[in-house]
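Across the two complexes that follow, subunit A remains constant while its partner is subunit B and subsequently subunit C.
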Partner chain A sequence: MEKKIGAYICTGCGIGDALDVAALTKVATGEYKVPVCREHAFLCSEEGRALIRADVENEGVNALVIAACSPRVMVDAFDFGADKAVERVNLREQVVWSHPAGDEDTQMMAEDYLRMSLTKAKDMEPPVPFEGENLSKRILVVGGGLTGLTAAREAAAAGYEVVLVEKSDQLGGYARNVVKLPPMAPPYEEPQVFDLEGLIGEVTGSDKITVYTGSRIEKISGAPCMFDVSIQQNGSQAAERVGAIVLATGAVPYDASKLEHLGFGKHPDVITADQLEAMFKAGEVKRPSNGQPVNGVAFILCAGSRDPEHLPYCSAACCVESLKQAKYFKDANPETPVYIFYKDLRAHGNYEFLYKQLQKDGVFFVRGTVTGVDDDGAGALAVSAEDVLTRSPILSESVDLVVLATGMVSTASLGKPYKAQQPKEGEEELEVPADTILASNLLNLEYRQGPEIPALKYGFPDSHFICFPYESRRTGIYPAGTVRAPMDYSRAMDDAAGAALKAIQCVEMTAQGKAVHPRAGDLSYPEFFMQRCTQCKRCTEECPFGAINEDEKANPLPNPTRCRRCGVCMGACPERIISFKNYSVGIIGNMIKNIEVPEEDEEKPRILVLACENDAYPALDMVGIRRAQYNPWVRVIPVRCLGSMNLVWIADALSKGIDGILLLGCKHGDDYQCHFIKGSELANIRMSKIKETLDRLVLESDRVRFEQLSITDYGKLPEILDGFASDLEDLGPNPYKDF
Partner chain B sequence: MSDVVNANRSLLVVGGGMSGLSAALEAAEAGYQVYIVEKEPYLGGRVARMNKYFPKLCPPSCGLEINFRRIKNNPLVRFFTMAEVTRIKGTPGDLDVTIKIRPRYVNEKCTGCGLCAEAAETEIPNPFDYGLSTVKAAYLPHEFAFPMRYVIAPEVIGTEEAQKIQAACPYGAVELDMAEKAFDLKVGAVVWATGWKPYDAEKIGYYGFGKHQNVVTNVIFERLASVNGPTAGVIQRPSDGQPVKNVAFIQCAGSRDENHLPYCSGVCCLASLKQATYLLDQDPDARATIFYIDIRALGKYEDFFAKVQADERVRLVKAKAGEITEDPQTGQVTVQAEDQTTGAILKEAFDLVVLATGMVPSTAEDKVPADVAYDDNGFLMNGSAGAVIPAGCVRRPVDVATSVQDATAAALKAIQATVRR
Partner chain C sequence: MEPKYVSAEMRDYIVSMGAETVNWCMQCGLCTNLCPWRLVPGETSEKFNIRHMQRLGQMGMEGFEDETVLFACSTCGMCQTNCPRGVKIIDNVRGMRASIVGAGMAPANLRPILGSAHANGNPWSGPREKRTAWQEGLDVPAFGPDTEYFLFVCCHSCYDPRSTKAARSIVKLLQAAGVSFGVIGQEESCCGESMRKLGDEELFQKLAQSNIELFNNKGVKKIITTSPHCLWTFTNEYPELGGEWEVIHYTELLNRLVEEGKLSLNAAQGKKVAFHDPCYLGRHSGIYDAPRALLEKAAQDGTVELSRNREASLCCAGGGGRIWAEVPMGERFGELRVTDALEQGAQVLATACPYCMNMLIDACNSLDKQEELEVVELSEILAASL
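And now, the complex of A and B:
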C-alpha cells in the first residue's frame, strides 16, 4: 500500500503560543511535501481525533506524524489501529516546556524535530509479525522436585500441556527426604505436614502432564514455541517439542566435607541438616557413633554460609529449617537440651512465631561464631563459640549430636565455565563482556553463546531486576525455586507458579509474533540482509539474550522468537545489515541527516543526543514537566536501547557538521540498570573505539560523550546538556561543518 | 487454550501498586482482560514514593515506567483510579463486583498542562509527601504520575476558587459537579493486592514520634531523600533544616514485639541499611548507627549488608532501643539502649532518629467485601477465599522482588479460577 503521510500539529498546552506554527506547517508542506497537514488547538480531544480519523478514512492517510505532546502520554488517544504508523513529535515536554517561548532557537528546535519525524515516518514500515512453524504451547519443566512438581501442576491447571523431566527414578526431589515443612499457616508455631505424595499423584494422574523419570535433557535446540528437546531416558531417546521452559533443578546442600573446622568428617556425631531430616524421616534419631539416643543437640547455623571462605551469601532457609528441626526434638522430648548457635536468627515474616515458640520451649539460642567442635573426653562433643563482634569466648557446651545447617548451592552453579568459540587467529578480538555460562548439564541448549542460562553472581541464573524477578537472560526459559536463588519451601512453591505463568505468557505472546518483556507486544523483529554479511560474529557474540546462532561458516542464524527487540545486534553490525521494519540504522541515520545544521558563522552549534527511551528520554520529559530549561542546540533521538547505537550514526552526525554527540544510557557495572542487560555498556565500549578513529581524523574525541543517567536524574540534565554545550563552544565548531 | 470454554476470562486486580500492577500485567500479557482498581489518583502505590530500591540502589520509577508502558500498549488492561471495590458476589469464575469511584473533578480531557494549578491559590498538605510539603489544590500527584492527569482537592469544591480553576482550563477538563459513582463489572477472579501501611509509630509512645520533630519513620525518610521530595533530596533535620551528620536507625520499631506487631516485617533491616547509604552518599562526614536485634539480610542481600557494614561510618549495635528523649534547645534526640553484646547502657544523642516501622497489611483495617479469612494480624489468607487471591504484602510482609514474584503466582491462580469451570 502506498504510504500517505498526514502531519498534525497541536497548538494546545502552550505550543501555539511559543512557536510559529505556520512556519512548522510550511516545513511539512513545503520542504517535505506532506500531502495532508493540519493544525488543531486540542488535538487529543474527540474533535481533534475525529479530524485525523476523517483523513485516514477519506484521504487514505496511513502514516501519522503527531506534533504535540510526548510519546509517553496520550498513547490511546493517538492510536488509530496497528496498521497506521504513528510517529510523535515531542513539541510540548521537550520543546516549549523546556525552552523560552517565541525564541528563534526554540523554533529551530521544533522545526528540526518535525523534520526528523517526517523523515522517520517516510522511512518506516508497519511491522509484520514473525510467523514460526509448527508452534507448540507446551511447557517443559526440568526437575521433578517440589518446585518442578508445583510448576507442572499449576501450568496444567491453567489448561496447558506439560512435559516434566526428572533425573532420578522417583519424583519429589529433596522433599522426599523431608518430614514436615516450616509453618505456612496460623498460628505459625508448629511444623506442618505436607502431602508430597498427593502432589506427585496430581502430577502423574494428570492427562495434561507427560512425566519422564530417570531422564535428563540431552539437548535443546530451537527457540520459544519451537524448542526441540531430546530426552535421554535410561538409555532410550525421546523427543518433545515445547514452547517454553521452567528450570526447576533445585539446589544441593553445601559440601560438608569442606567444613572440617566444624568437626564434620572428624566426628561421626557431627552431621548435616539433611542427614538429620533423613533420620527423622526414617524414625531413627540416634548417634551415628554408637547408636545411642540423642540426649542433647547443637545446631550450628551458617555452616558454610555467610562465609567468604565458603558461601558468601545467606542461604535464606537454614535458620528456619533448624528451628523446625529443633522443634522435632522438643516435641519428642521437651527435656532434651537443644542449642542453636547463630549469627543473626533470620526467622523473617511469620517465622518469627516459630522462633518465639522455641524460645518458650526452652531452646538455648547462642549468638556466636563456633570456633571448635571437639571430643569432650566423656564421649560427647563440646561446642565452643566466641562472640560475633568481640571475639571473646562465650560458651562451651557438651552435646551428643551436632547438626550443621549447611547452605544451598544452586545446581546451575555446578559446572565449569563454558568457553565460547575463541576468535580465530587474525580475527579482531571482541572486547565484549561475555556472560559466564557454566556447563552444568541441565538444559544443554544448542545456543552459540553456551549451553546453559548465563549465571549471575555465585552461579545463580537469577534475574538482576528487582521489578522483574523472572527476567532470565534466555527468552522463554524461566528458572524457579532454589536453582535461581536461595529460598524456603513456601517461596519456592510460589516461585513455581509464577514461573509457570511466565512460561504460559511467553508461548501466548510468541504465538502471535509478539515480543515478551520488556518490549512486550512489539511485533517488529530484526531482519538480516545476508548478502552483505562479513561473518564478523559481532551480532552473535553481543546479543544479550543469545538469540542468534551461527553456522559453521560463522553466518548468523537468527531466532526471532528468542529476540527481545532491543536492537543490540543492529548497533553491533559494522555492515548495517540488521534492520527492523520501523527501526533501522538507515531510519535513524536519515533522521540525523535531516537535522538542519546552521553554518559556522551563525554560531549555532548542534548537539545530537541519543537517549535510552526507557530512562533518559522520560527524564528529559521530566525537565519539561518541571518547566526547567536546557540548551536549545540539542536534538534528541530516543533509541530502544543505547546498545542499538550504530557507530555510523556518529559518523553521519559529525560529517553533517553536528558539533557534538551525547549518549545518554543507563547505569552499567555490577548494579546495571539497562533493561537489556548490557546495552549501555556495549555503547560505551563502541564509543571508546570511535574515539581512536576520531583522534586519527584530528577531530577531537571530546565531541562524543557518554553519560550514565537514571530516570530520576532529571535534575542533573540541564547541567549535563548545558555543560556539554559549553565544552563544545570551547572546542570550536566542527571543522566538517561547511563541507 | 482451546479446550477451555469460558465466557469470562477477565480478572479484577485490586490495588495498583507493585503487586497489583505485576499481577495485572502478567495476566494481561498471557491473554486475559484485566481491570485494575486503585484508590489513589495514580498507579504505582507505595513504591512510587520511595527513593531507591535495595540492594541495587536504583529508582523505582524506572521499573514503573516500563510497567506503565506495558499498560499503555496493552488494550487488555483497563484501570480505574480513585476507585474502590465495595462488593464481590458470586462464585469463582463468575463474580459480580461493584466499583465505586470518588470524584477527581477532572475528566479525561485533561492534557496535564497545569493551567488549573496556576489558577489555584489554596495549598493543601501534599499527600504524596505524607504532608511534609504542600501542594496547590489543583495538582498533579507527582511528576511521573500515571495517568498524567490533575486532581482538584475536595477542600476547594464549592468555593469561588474552584470556579477560577475551572475557568482556567481551556479544555473543559474541570468538572466541578462530578459526583461519586458506582458501576458493576463481571469478572472471573479477583487478585487482592492492596499492599501495606506503615505501623503507626505514635503507638510506640516511648519513641516520641509525633512529639519529637527529629524522630521520623522510614517511609518519611524515603521522602526526605527523594529528588521529588520536600527537600529535593537533601537530607535535613525536620526541626530546623540543619544538615544531618549523625543518624540513628531503630530496627523493629513495632515489629517482633508482642505489644505491637508480633511478626517480623521482613524488609526493614535492608531498608535501614539502604537508607544509611542515602545519607553517607550525600555527606562523607556523616555517620550512621543501627540498633538491631538480628540483621535479616536473606539470600544474596547478604552482600549488601556486608558492603554497608564494611563502611567505617556505619556502626551496628545489637540492642533493642528503649526511650528516646529530645533536647528542646538543640532538637537533638537521645537514644537509650542496652548493648546486648557488652551489656553496657548506651545513651547517645543524634541529629535524627529513623524508626524502622514495620508493615501492617492494608487488610488489617480495610477488609475485602467478601467472605475471606485473615490471620490474627490481618494478613489475607491464601486459598481461603476461592475467587479472591491475595498477592504481595496483604499476604505476608515481603520486599519488592518477592511481591512481584508473589503477584505473578497470584495471577496464575486467578487465571485458573476462570478456566476451571
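And now, the complex of A and C:
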C-alpha cells in the first residue's frame, strides 16, 4: 500500500508559545514534502483526534507523525489502528519543557526531531503480528509437589488444559512427608493440618488435567504455543503439545554428610529436619542410636545455609520449619527441653506469633555459632556455641537428639554446567560471557544455548527477582516454588498461582502474535534477510533469551514466540540483516543522517544520545516534567535496549560531523537492571569495538561515552549531558563537520 | 573462655520466683537503650544492661547475681511500657532478685533495711510507737466504723522529718474539704512495695498480710495513699492476697474535690513551677492530669513542662529499693531532673511522691542548686493555697 504521511503539530502544553510552529510546518511540507500537515491547540482532545481521523478516512493518510508530547504518554489517544504507522515527536518533555522558549537553538532542536521522525515514518511499516502454526494454549507443569499441584489446579480453574508430569509414582512431593504446615491462619500459634490428599484429588479429578506420574521430560522442542514435549513414562513414550511451561521441580535438602562439624555422621542421634519430619509422620520419634524416646532436643538452624563453605544463601524456610517441629515436641510434652540454635531467627510476617509462642513455651533460643556437638559422656549429646547475646561460650544441657535444619538446594542446580559450543580452532573466542546453564535433566530443551533455564547465583533459575519475579530467561517457561528460590509452603503456593497466571498470559499474548514480556503487546518481531547471512553466529550467541536456534550449517533459526523483541540480535549482526518492521539499523541510521549538523564556525555542536527506552528515555522525560534544563545540542533517539545498538550508527554519526555520542543504558554486571538482562552489558562490550571505528576515523575515543543510569537518576541527567558537552568542547569540533 | 552452663532448672526457678515472662524476651535490646542508666556515666551504667540480665535469666546462667547488676534497676517502667514483646520486665527483675534474696543472700547494705521492716514494720528503723509522731499539733482523726476514707501515710512521711510536711499538708487539705477520713496509726505496717521489688518476697507477704488483716478488721473500704508506691501495690498486688479496697492517690481525690467545688484553692505560689511525674504515679498508674490540674490552680505565675514529661518522664532513681543505694555524684538520675527543671526556667520543682522528694532534694543539694530551685511536695503548695 502506498504510504501517505500526515504530520500533526500540537501547540498545546506550551509548545506553541515556545516554538515557531510555522517554521516547523515548513520543515514538513517544504523539506520533506509531507502532503498533509496540520496544527492543533489540543491535539489529544476529542476534536484534535477527530482532525487526524478525518485525514485517515478521507485523505488516505496511513503514517502519522505526531509532534506533541512524549511517546510514553497518550498512547491510546494516538492509536488509530494497528495498520497505521505512528511516530511521535517529543516536542513537549524533551524540547520545550527542558529548553528556553523562543530560542534559536530550541527551535533547531525541534526541527531536527521533526526531521528524524519524518524520516522514520517514511522508512517504517506497521508491524504485522507473527502467526505460528497449530498453536496450543495448554500448560505443562513439571513437578507434582505442592507447587506443581497448586499451579495445575489454578490453571485448570482458570479454564486451561494442563499436562502435569511427576517423576515419582505418587503426587505430593515433599509435602507427602510432612505432618503439619506452619500456621497460616490466626492466631498463628500452632502448626496447621494441610489437606494434601484433597489437593491431589482436585488435580486427579479434574478433566482438564492430564497427569503423568513416574515420568520425566525427555525433551522439549519448539517455542511458546508450539512446544512439543516428549514424556518418558515407565519405558513408554508420550507426546504433548503445549503453550507454556511451569517448572515446579522443587528443592532437595542440602547433603548433611558435608556437615560433619555439626556431628552428622559422627553421632547417630544427629539427624536432619526432613528425617525428623518423617519420624513424626510415622509416629515413631525415637533416638536412632538406641530406639529410646527423645527427652530433649536441640535444633541447629542454618545447617549449611548462610555459610560460605556450604550454601551461601538463606534457605528461607528452615527457621519456621524448625519452630514448627519444636512445637511438635512441646505439644507432645511441654516439659521436654528444646533448644534452638540460630544465626538470625527469620520468622517473617505472622510467623512471629509462632516464634513468640515457642518462647512462651520455654524453648531455649541461642543466637550464635555452634562450635560443637559432642557426646556428653553418658550417651547423650551436648551442644556448645558462642552465644552472641551473653557474649560468652555456652554449653547446653544434655539432649537426646540434635536436628540439623539443612538448607534447600534447587533441583535446577543439580547438574554439570552445560558447555555451550566451544569455539573451533581459529574461531574468535566468545566475548560475551555465556550464561550458566546446568544440565539438571528437568526440561531437556532443544535449545541451541543449552537444555535448561539459565541460572543466576547459586543455581536458581530466576531472572530478575525484584522487577520480574516470575520470569526466567526463557520466554514461556516460568519457574515457581523452591526450584526458583528458597521459600516456605505458603509462599510456594502463592508462587504457583502467580506462575500459572504468567503461563496463561504467555499463551494468550503469543496466540495473538504479541510479545509477552517486557514489551508486552509489541507486535513487531525480528526478521532475518537470510540471503546475506554469513553464519557468524553472533545473533544466536548474543540473544539473551535463547530465541534463536541454529541448523547444521549454522544458519540462525529464529523462534519469534520465544523472542522478547529487544533487538540485541539486530545490534549484534555485522551484516545488518536483522530488522523489525518499525525498528532497524537502516531506520535509525537514516534518522541520524537527517540530523542537521551546522558548519564548524557556527559553533553549534551536535551530540547524539542513544537512550534505553526502559530507563534512560523516561528519565529524560522526567527532566522535562521537572522543568530542569540541559544543553540544546543533544539529539535523543530512543532504543529498545542499548544492546540493540549497531556499531554502524556510531560510524554514521561521526562521519557526518556529530561531535559526540552518549549511550545511556541500564546498570550492567552482577546487579544488572537491564530489562533484557544482558543488553546493557553487550553494549558495553561493543564499546571496545567502537574504539576501532574511532581509530579508523582518527578521532578521540572520548567522543563516545557510556553512562549507566536508572530511571530514578533523572536528577543527574542535566549534569551528565552538560558535562559531556563541555568535555566535547575541550576536544574541539569533529573535523568531519565540513566535509 | 570456659563455657557457661545453660540450666533449665535455674531458669525455671527464676520463672517460679516471679520472672514469668523472661522467656518472652526476644533480646531486641530496646529496654537497654531506653533505660535511664544510659543517661549517666559510671560503673553501674557500664555493668547494668537489662537485656543482658534477662538473657542470663532466660538461660538460667550465672552472672546476674552480681549486686551492681541485679539491684541496679529502679523499676521505673520506661523499658517495660515500650517492650515490643510485652515482657513484664520489672517482674523479671523482681523474680531474679527473689531467687537470690530468697536464698538469704541479700546484699549487705540492704539487710538493715529489710531487718527494720521485719522488726518495726517500716524500713526506716523507726520505732513503731513513733509512727504517729508526724501528727503532732494536728488533730488527725482516728479511723472508725463511720469513717469513709482510711488515710494511709507512707512510712517515709511518718519518719523522715522533711517528708512529714507532706503528710501534714494532706491532712489539712482533706480537712478543708470536709472529707471523712482517719488514720489507724501504730499498727500500720509498710506497704512492702519496695521490699518486694528488692526480692524479699517473704517480707512482703508478711507486711501485706498484717496490713490486710488490720485494714479488714477495722472495716476499711476506701484508702487514700500519700505515696504512689503504696497506691500501686494496694491496687495491683494486694487484691490477690485478700486486700480489696477502693484505693486513691491524694492528688486524684483532691482534684475531684476541687472539681466538685468542695475544695477551693487560691493561687499563692508566685514562682514558676514544674511538675516531675513520679514513675509509680505516671507510667505505672496512668495518673498525669490530676496533679497538673491542681498545680494550675495553685500556681499564680503558671507552670512549665519539663522536656521529658508524662509517659516519657525520667525516673528520680528512688524506686525498686534504689532509695537505699549509695550512688556517686554525677551518676544520679535526680541530677538530670534538676537540670531539666532549670533548663525550663522553673524555680520550683514539685512532685507527688515521697521517694521522688528524697531523691530530688539530694540531687539539688549535690548540684548546689538549692538557691535556684526549690523541691516541694505538691501537697505543700496546695496547702499553702488554702
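Quick note on the criterion: the second predicted complex is superposed on the first by the 730 of 739 C-alpha atoms of A that agree within 3 Å, B and C clash if a C-alpha of one lies under 4 Å from a C-alpha of the other, contacts with A are read in each partner's own complex, and residues count from 1 in each chain.
FYI, contacts are C-beta pairs under 8 Å (C-beta built on N, C-alpha and C of every residue); 3 or more make two chains touch, one makes a residue touch a chain.
Keep in mind that what you see is a predicted model, and the values were worked out from it rather than measured.
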Practice task
Would you mind checking whether subunit B and subunit C clash or fit side by side on subunit A after the superposition?
Solution key: clash
Problem - First (subunit B), second (subunit C), both or neither touched by A:384 - result: second
Practice task
Determine, under the contact definition given at the top, whether A:337 touches first (subunit B), second (subunit C), both, or neither.
Solution key: second
Practice task
Classify the contacts of A:446 with the two partner chains as first (subunit B alone), second (subunit C alone), both, or neither.
Solution key: neither
Handout entry: When both partners are placed on the shared chain, which of subunit B and subunit C touches more of subunit A
Key = B
Exercise for the section: Applying the touch criterion given at the start, work out whether A:395 contacts subunit B, subunit C, both or neither, answering first, second, both or neither. Expected result: second
Problem - Contacts of A:673 with subunit B and subunit C, given as first, second, both or neither - result: first
Exercise for the section: Determine, under the contact definition given at the top, whether A:105 touches first (subunit B), second (subunit C), both, or neither. Expected result: neither
Practice task
Considering only the touch criterion stated at the top, classify A:359 as touching first (subunit B), second (subunit C), both, or neither.
Solution key: second
Practice task
Mind checking 26-34, 260-268 or 332-340? I need the stretch of subunit B that runs into subunit C in the superposition.
Solution key: 332-340
Problem - Touching both subunit B and subunit C, residues of subunit A - result: 345, 356, 367, 387, 389-390
Handout entry: Parts of subunit B lying in touch with subunit A, wherever the complex brings them together
Key = 1, 3-4, 18, 25-27, 29-31, 53, 55-67, 69-70, 72-74, 109, 111-113, 140, 143-144, 148, 170-171, 226-228, 232-233, 256, 262-266, 294-303, 306, 318, 340-342, 375-376, 379, 381, 396-398, 400-402, 404-409, 411-413, 415-416, 419-420
Practice task
Please give the residue numbers of subunit A that touch subunit C in the complex, ascending.
Solution key: 337, 339, 345, 355-356, 359-367, 384, 387, 389-397
Handout entry: For the subunit C and subunit A complex, residues of the former touching the latter
Key = 1-8, 11-12, 23-27, 51-52, 55-56, 58-59, 61, 63, 85
Completion exercise
Interface with subunit B, subunit A side, in the complex: residues 12-14, 41-42, 44-45, 69, 72-76, 137, 154, 157-160, 185-188, 306, 312-316, 344-353, 356, 367, 387-390, 457-458, 460, 462, 464-470, 485-487, 491, 494-502, 504-505, 508-509, 516-518, 520-521, 614-615, 618, 622, 625-626, 667, 671, 673, 675, 710-712, 714-715
